[in-house]
Structure formats: structure tokens, C-alpha cells
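In what follows, a structure is listed as C-alpha cells, so that the remarks can point back to it.
Order of writing sets the chain letters: A, B and C. Residues in each chain are counted from 1.
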């Protein structure tokens, strides 16, 4: 039976206004609202699709955060078999090096054949989770994956390159894959199903001891980019405008 | 420890069949004549594999699965046209079509546009995916204060339930602001809930997400219970329908009025405020959830006729036969899907009628409509110059100096 | 610790990826501060020629059949040996399908700090990166012996990292590259004609302002010059001028290209929903009050029919 572990985390919801903490070096957690990292959501879908295709067991591991229980129950309603919550000092959102080692320890106990996680998240200051976990577990890692097929002893992972090129990678198991997109878009589950899961499913809690805060570079400051209220208007006759546009195209490297 | 896997939905099972009869008059389904009047009047009947009449026939024959695999139900705009005409008074829309959508949704057959509206409603309390903290941001554009529940901590006469599109959609916010002006001019003692207000959930319910509807209703109930007020008013017929007919079934009961009713009661106060701005030819589009579903046909017309110089003319389809704008029953979130299937937009049919009626203005009374009809006006020959406005805007225009 | 700045050169199917030049430009800026050299790491098979266009002082070249195309395991093995030996001040990777596969594993294994999504660097060794989709900027400082920087495009021009001087190329010794756990079976080329606008870097969005179907061809000429794809507002698709797969907005696709050039689109909320995530929006519209100017970074209040031809001339002239 294929054992698939999905590592999922909640990240800042960008629909909400973001604020910088008073020390100027972090996000202000007070106003932050969290939601599942969209790529992790695709990883969950891919895991469930694999389970539906070939059988197996899907375990979701996620660090504690506001709203994580609901997120986990939703994955159960989608078809996840086992829910694990990492409990510890996650309030200030640890860096990914620390989180990866916590993930790795718990994932290892599950003896997974395949670990899936989102290829990136919007708060990856010190790199994505996947490769960090892979190293901790001494597994291979391939990211930017948009399709996975299980084969004897391994998987074929479709890796995306710019311009729509796909590289078919043969990956020996156990392995960690960074999912960019699941083969089918993440499914919708009716709230009534999620509510059922809240009654019937259980979340295992794993205590995580203190997390080291290393792996990234020391942050001098965080700040909000200057937001332009309205477009800066380009004035002039058609030739002047054309020249200015070409200049802009070059600046952003599209010419 | 392994958990029980997600229960598979009962696909058009007996359970489904029996649940159809739970609705008021639900038993009538058994008396269906197979006259197909419903399918004939249905605006999308021609592109459904299973228009309502055929659905009943197949159900009787015990062939259920195929109906679920078809995406017919997502063409249903919950417009009640079928229900209105059924000679056997079968509640086609609320029982058959809505229950069928619930089944299809449980089975996971949900078009993506609809999926994100449902996910947004769950997460932000509105289907547009906007921050709930910004629900009352429109009040900042006004040069007077709009009282929010958080600031006014005393009993008031009226709670204004603003609604989703009225709170967030840039075009509809203009109507909302106009309504605030009107309430101010009439010196109404009111509050709005601000960020504590959630989507009324009615269109989500009609799109098959009953559980979500209940969650949203509970949140609104909580917000209501924190305030003291005499009655609720709203500019949104969908919210009106939820508050009037659906919330009471969940034990959430408050007197509620659509603005048309509320303003007609104050007509004598309003009339002196209205100036004569010259002649204008206007037709009125009956929103499904004000008209067919809740029988409010006269009040909007009374308001329009109070405007000096306004000539009200009817389109061929009016009152009980009004044509749906296409936004109901989740239609606001199925636009692309339906275009793919039907290559037609109901709002454009309606706009063609408005154009053939040779009017200057198409008057509305539902927040789903201004963007839909303005968009349609651009696409229909002869409709380019038709002004699309809510009745509130028309009133406020002739009030302003 | 040396003062040199290393760059992992990315290439796919015999072509150096643009991000490599962008990184070289950034590396040059850093090296000016540290006083070191810019060193490219080029791994490939019979690919030495790829070094020719690189604006590096030096290129370290590793040649092996297993390195012909990128695979994470093989790259990892080479780099985990090379980097500690050389102790560069910093190594730049692309935050891309290539760089992101190895920079994290290397950071974890070699205990080298890593900063992701870096937009620019400065001579005083400060690094500007972004999180939350660019809504938050982060300034950090290089630390310790070596730092890893994963770059995204946006600040440096591709040309600044190109040169025809031809750097000095030094072969490097490679570890054994057997027992690889990841191998490339094959590349699958995208089907021609089936364009996925959500994946494009440059999009030209056309709206009702273009007036007739024939004008689409004319805009296509502009698109070809820019290496762009055309997408549209809904009315254009409704009329059958472009397929549904090209529709942007609430009922269509959500796109986030580097550049979205909007031509004759008013900017209705239903449209904006699908393109507001673009890195840069430039809008051309005759109406100064068109809401599209609220989303655009740059606006041109102009008749597009008078602008397109001069623009095409200018582009041809420049490139």
C-alpha cells in the first residue's frame, strides 16, 4: 500500500491588508488572517487523486495555527485518512528550516513512500519546505510538478519548465515532490461533509520541542512597497509614447 | 488510526426522492401531468438534457444516475418561471431543482466559478472574495456618517441589511450610497452591521450549498442578536427572501421589508422632495425574488410613478412573466459555464426587450442587476443608450439640488 | 572565505535561461562591494559553448553525460562538493524550476543560510527580497562565510548579464555521478496552438476598444514583435473573435504575467479580477476616467489606432 504524506501549512491571506510588526522586522501577526497555502492545497488534491487511482493511505501533517483544525477536517472530507497537527511554539511562524525539521521528524514515523507538499508558499523567506525536508530525510526532491504517476519502485513526475515545456522525471521512492498543480483542480466539498468529519474524524497532536531560528539571513527590516494609487500617465505624441513604452518593456526584460 | 472515509453521497437515491416531498406542496410532484409547460417556459430549457418535466419523468422511471452526471441543473437560474406556471402547483424550483443541485454538489460536480464563490463565502462571508473587514468601506466615500452597530449602542428603528454586491461591487455601491442618502433625507433611525454582516446565503442555498447557507445564517443571527431594532430593511431581494422565508425555518425571525415596501410606506414624505427633471421613458424589470417569489409587483412601480415627468411603460414580459436576468440560483457565479453551454445570456434577452420598448431608462430593484444589464446594454444593438439604474438612484437623482 | 560571487547558470535544451543573465547582473553589483570576481558555474555535457555569452569573470565548467540536462540529484552532488571547497561569499540560484530544486537541499546540508525571492542586491551586501506575492519587501544582510540567494526577475535587465568578451572557462573535477535517484526520461514539448495564457510572461489584453475582428490580426503583429500572447475581455470572446481559453476575468482565466498590456479595455471589476495579479499593467484607453487606470502602473490616454503602428516601428527599430 502506498503511503503518502502531505505537508501543508497555513500562510497569510493576501486578501487582507498586511502590516509590519512594531519592531519593523516581521509581519504583524495580530492582523494576519491565515489560509491554506494554495500549492499545498494542490498537493492534497494530488495525494487524494493518487489514492483514488491506486489505493493507499493519505496522511496530512500541518503545524498548529488559527484555523488549522478546519483545514484538516476539510482534507478528511476530501479523502485524507489521517490528520496530524504539530503542536508547539508556532505562533510567530517559524522559518522554513525549523519547520522542515519538525515536519521531517513526524513524517519519518509514518514511513511514507511519497511526500507531497506545495512547491512554494507566499511566506517562504528562507526557501521552500520541500527541499529542506528532503535533505533531512535523505530523500530526493523534485519541484514544479504538475502530474504524478506511480510506477514500480518509483514515480514519473511531470516537471514544468518555462514556456509550457514538461520534463518527465523518473524519481525513485521514497521521495519528496513539490507540487505546482494537481492533475485536477482541488475539489469542492460541501460544508455538510466537513461538518460530518468534525464529528467523526480525529486529529493526532504531536508535540514539537523548541524550534531553532536559523537558516535564513538576518532581517534588517521589512516594509511595504510604495503602492501607486493610480496609473502614472505617459504623456506626449504617439512617437514619444511609443519610445517610453519600449523603454519600459526593456526595463522589465520583456524585449 | 484510520478514519471512516468520507461518506459517498446518495446519488438520486430513494432518500433524494422522498426528500423532494418535504417541501410545502412537495407531494404534488406525484401529480405531474407531463405537460412540459415548465420546460417550455424555462429560459434555459432548450439546453438542458433534463428540463424539469423530463427530470420528473425519468425519476418516475427510476433512471436517476444519468441526471446527476449531466450538468443540466447548473443551467437552472432558480427563476421560479416553471413554478409560476405549473398547473399542478408543483414547487419545481424550491424542491426539485434545488434538491437536485444539492445532490450534484455533494457528488462534487461543481463548476469552478461556482466553487470559488462558495469557498469565498465560507472564508470571507461574501462570494466576491473581498475582505470582510472592508464590508462597510463604501461609507468612507460619503460626506456624512453612516451609523454602524458598533458605534450606535442603543435600540434603533431599522437595521439595514446591506448585502454582498451592494457592499462590494463598484457599480452597485453607487446604489448603496444613494440609499444611504435617501435614508438620511428621510431621517430614518437606522444602523448597518458593517464587518459583522455576512452574506445572506440565499443564492448559495439555491446553488445547492445548504450547509453553507446555514453557517452564514447562524453568523448573521448572532450579529442580529447583538443589536436592538424594530425591523430589517434591505435593497437585495435575495437577502429579503432569505430573511423572510428561509431564516424563520432556522428560528431566526425578524420583520423584514424590501426597500420598495419600506419607501412606499413613506411616499407622502418622499413626494415633496422630488423635482421635475423633465420627461423620461422608463421600464421596470421585475427581479425574480421580488416578483414571482414574493409577489411584490406594485410597490416598485408606485415609487417610479411618483417621479415627476416619468412615463412608466411595460416590457412584453412583466410581473409574473418577467424574464430572469440570469444572476439567480448561483447564476452570478456560473456566467462562463452557461455561456459555454447556451451561447446566450439572459440579461441580453432582457435588454433586447427593453430596447424594443424604446425606453430611456431600465429601472431595477436588485443589486445583482446593474452590472449584468450595463454589460448587456453594450452588447445589444439599439440598447447602447439605455441608462441602467436602480429605482433608488432615480429617486435620489431627482432629489438632489 | 573568498570575496567571489558565484552564479549557478541555468540552461535548458541548449539555451541559457534569461534568469542566468539576470543573476550575473546582480552578482556584478555584489562583487563590486566585496571586491571579488563573478564566477559562473556551468554544468552540462559538451556545453562549454554556452559560457560564451555570460558576463562573468570566470566560468567553472563541469562536463558529464548525466549533466546534459538538469536533474536535481546530479547537480546536488556536484555542488555539495564544489561550494565548500571554494567558499564563495555568495551563490546565486534562480528561484526557478532548476534553482529551487537544489538551493534548499544544499542550504540544509551545508548549513548555509538562504534568502528566497530576491529581487535585487546592493554593493553593501544588502539583499532585497519579497514575500506575500510582493506585498512585503524584506531587506537582509549577507552573513557568515557563504550565503545563498535565490533570485526572481524584475530588477535587472537581461542584457546587463550578457557579454561577448567570453569568460575564461576552467574545467572542474566531478564526484561520481552514479546512483542518481532522479533522471530525466524525456522532454514533452507544448502543443503548438494551445496557449495557456496563465503561463505567459507577456500578455496583450484586447477589449471592445479594438472595434473589429480584423484588428485582432493587427494586434497579433504587435504580439509577435513582443513575444507576447493575446488575451481578451469577455465581449471579444463572446463575439467569437478569440477562443474562450483567451478570456481573462471572473468567468475566464486569472493571469499574472510580468507585463499585461491592456488595449481598449475599460477595466470592469469582472475583468480586473482576472488580471490584477499581473506584475505590471500598462493600459491604453481613450477615456481618462476608465477604471483600468486604477489597476495599471502606467497609463496612456490615447487612441490605440494611432499608437500601435508607431509602437511597432519603435520596437523593430530598437531590437
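We take it that a residue touches a chain if its C-beta (ideal position, glycine included) is under 8 Å from a C-beta of that chain, and two chains touch if they have at least 3 such contacts.
Predicted model only: the values in this text are computed from it and were never measured.
J.: Between A-B and B-C, flag the pair that has more C-beta pairs in contact.
T.: A-B
J.: Name the chain with the Cα centroid closest to the overall protein Cα centroid.
T.: Taking the mean of all protein C-alpha atoms as reference, the closest chain is A.
J.: For chain A and chain C, let me know how many angstrom lie between their CA-based centres, rounded off.
T.: 21
J.: On a C-alpha centroid basis, what's the spacing between chain A and chain B, in Å?
T.: Chain centres of chain A and chain B, defined by C-alpha means, are spaced 37 Å apart.
J.: Roughly how far is chain B from chain C, going centre to centre by Cα mean, in whole Å?
T.: A distance of 45 Å separates the two centres.
J.: Under the definition above, what is the set of chain C residues touching chain B in their complex?
T.: Within the complex, chain C contacts chain B at residues 208, 235, 238, 244, 247, 250-252, 268-270, 291.
J.: In their complex, what parts of chain A are in touch with chain C?
T.: Interface residues on the chain A side: 12, 14, 18, 20, 27, 97, 100, 119-120, 122-128, 130-132, 134-136, 139-144, 156, 158-172, 175, 178, 214-225, 228, 230-234, 238-239, 241-243, 245-246, 248-255.
J.: In the complex of these two chains, what residues of chain B are touching chain C?
T.: Its residues touching chain C are 113, 169-171, 335-337, 339-340, 345, 371, 375, 378-379.
J.: If we count contacts the way the header does, which residues on chain A are in touch with chain B in the complex?
T.: 15-17, 35, 57, 76-79, 81-83, 185, 187-197, 200-202, 204
J.: Please give the residue numbers of chain C that touch chain A in the complex, ascending.
T.: Against chain A, the touching part of chain C is residues 12-13, 17-18, 22, 69, 71-73, 96-97, 100-105, 107-109, 113-117, 126-127, 129-143, 147-148, 150, 153-154, 156-158, 181-190, 196, 199, 201-202, 226-228, 258-259, 279-283, 293-302, 306-307, 310-311, 313-315, 318-319.
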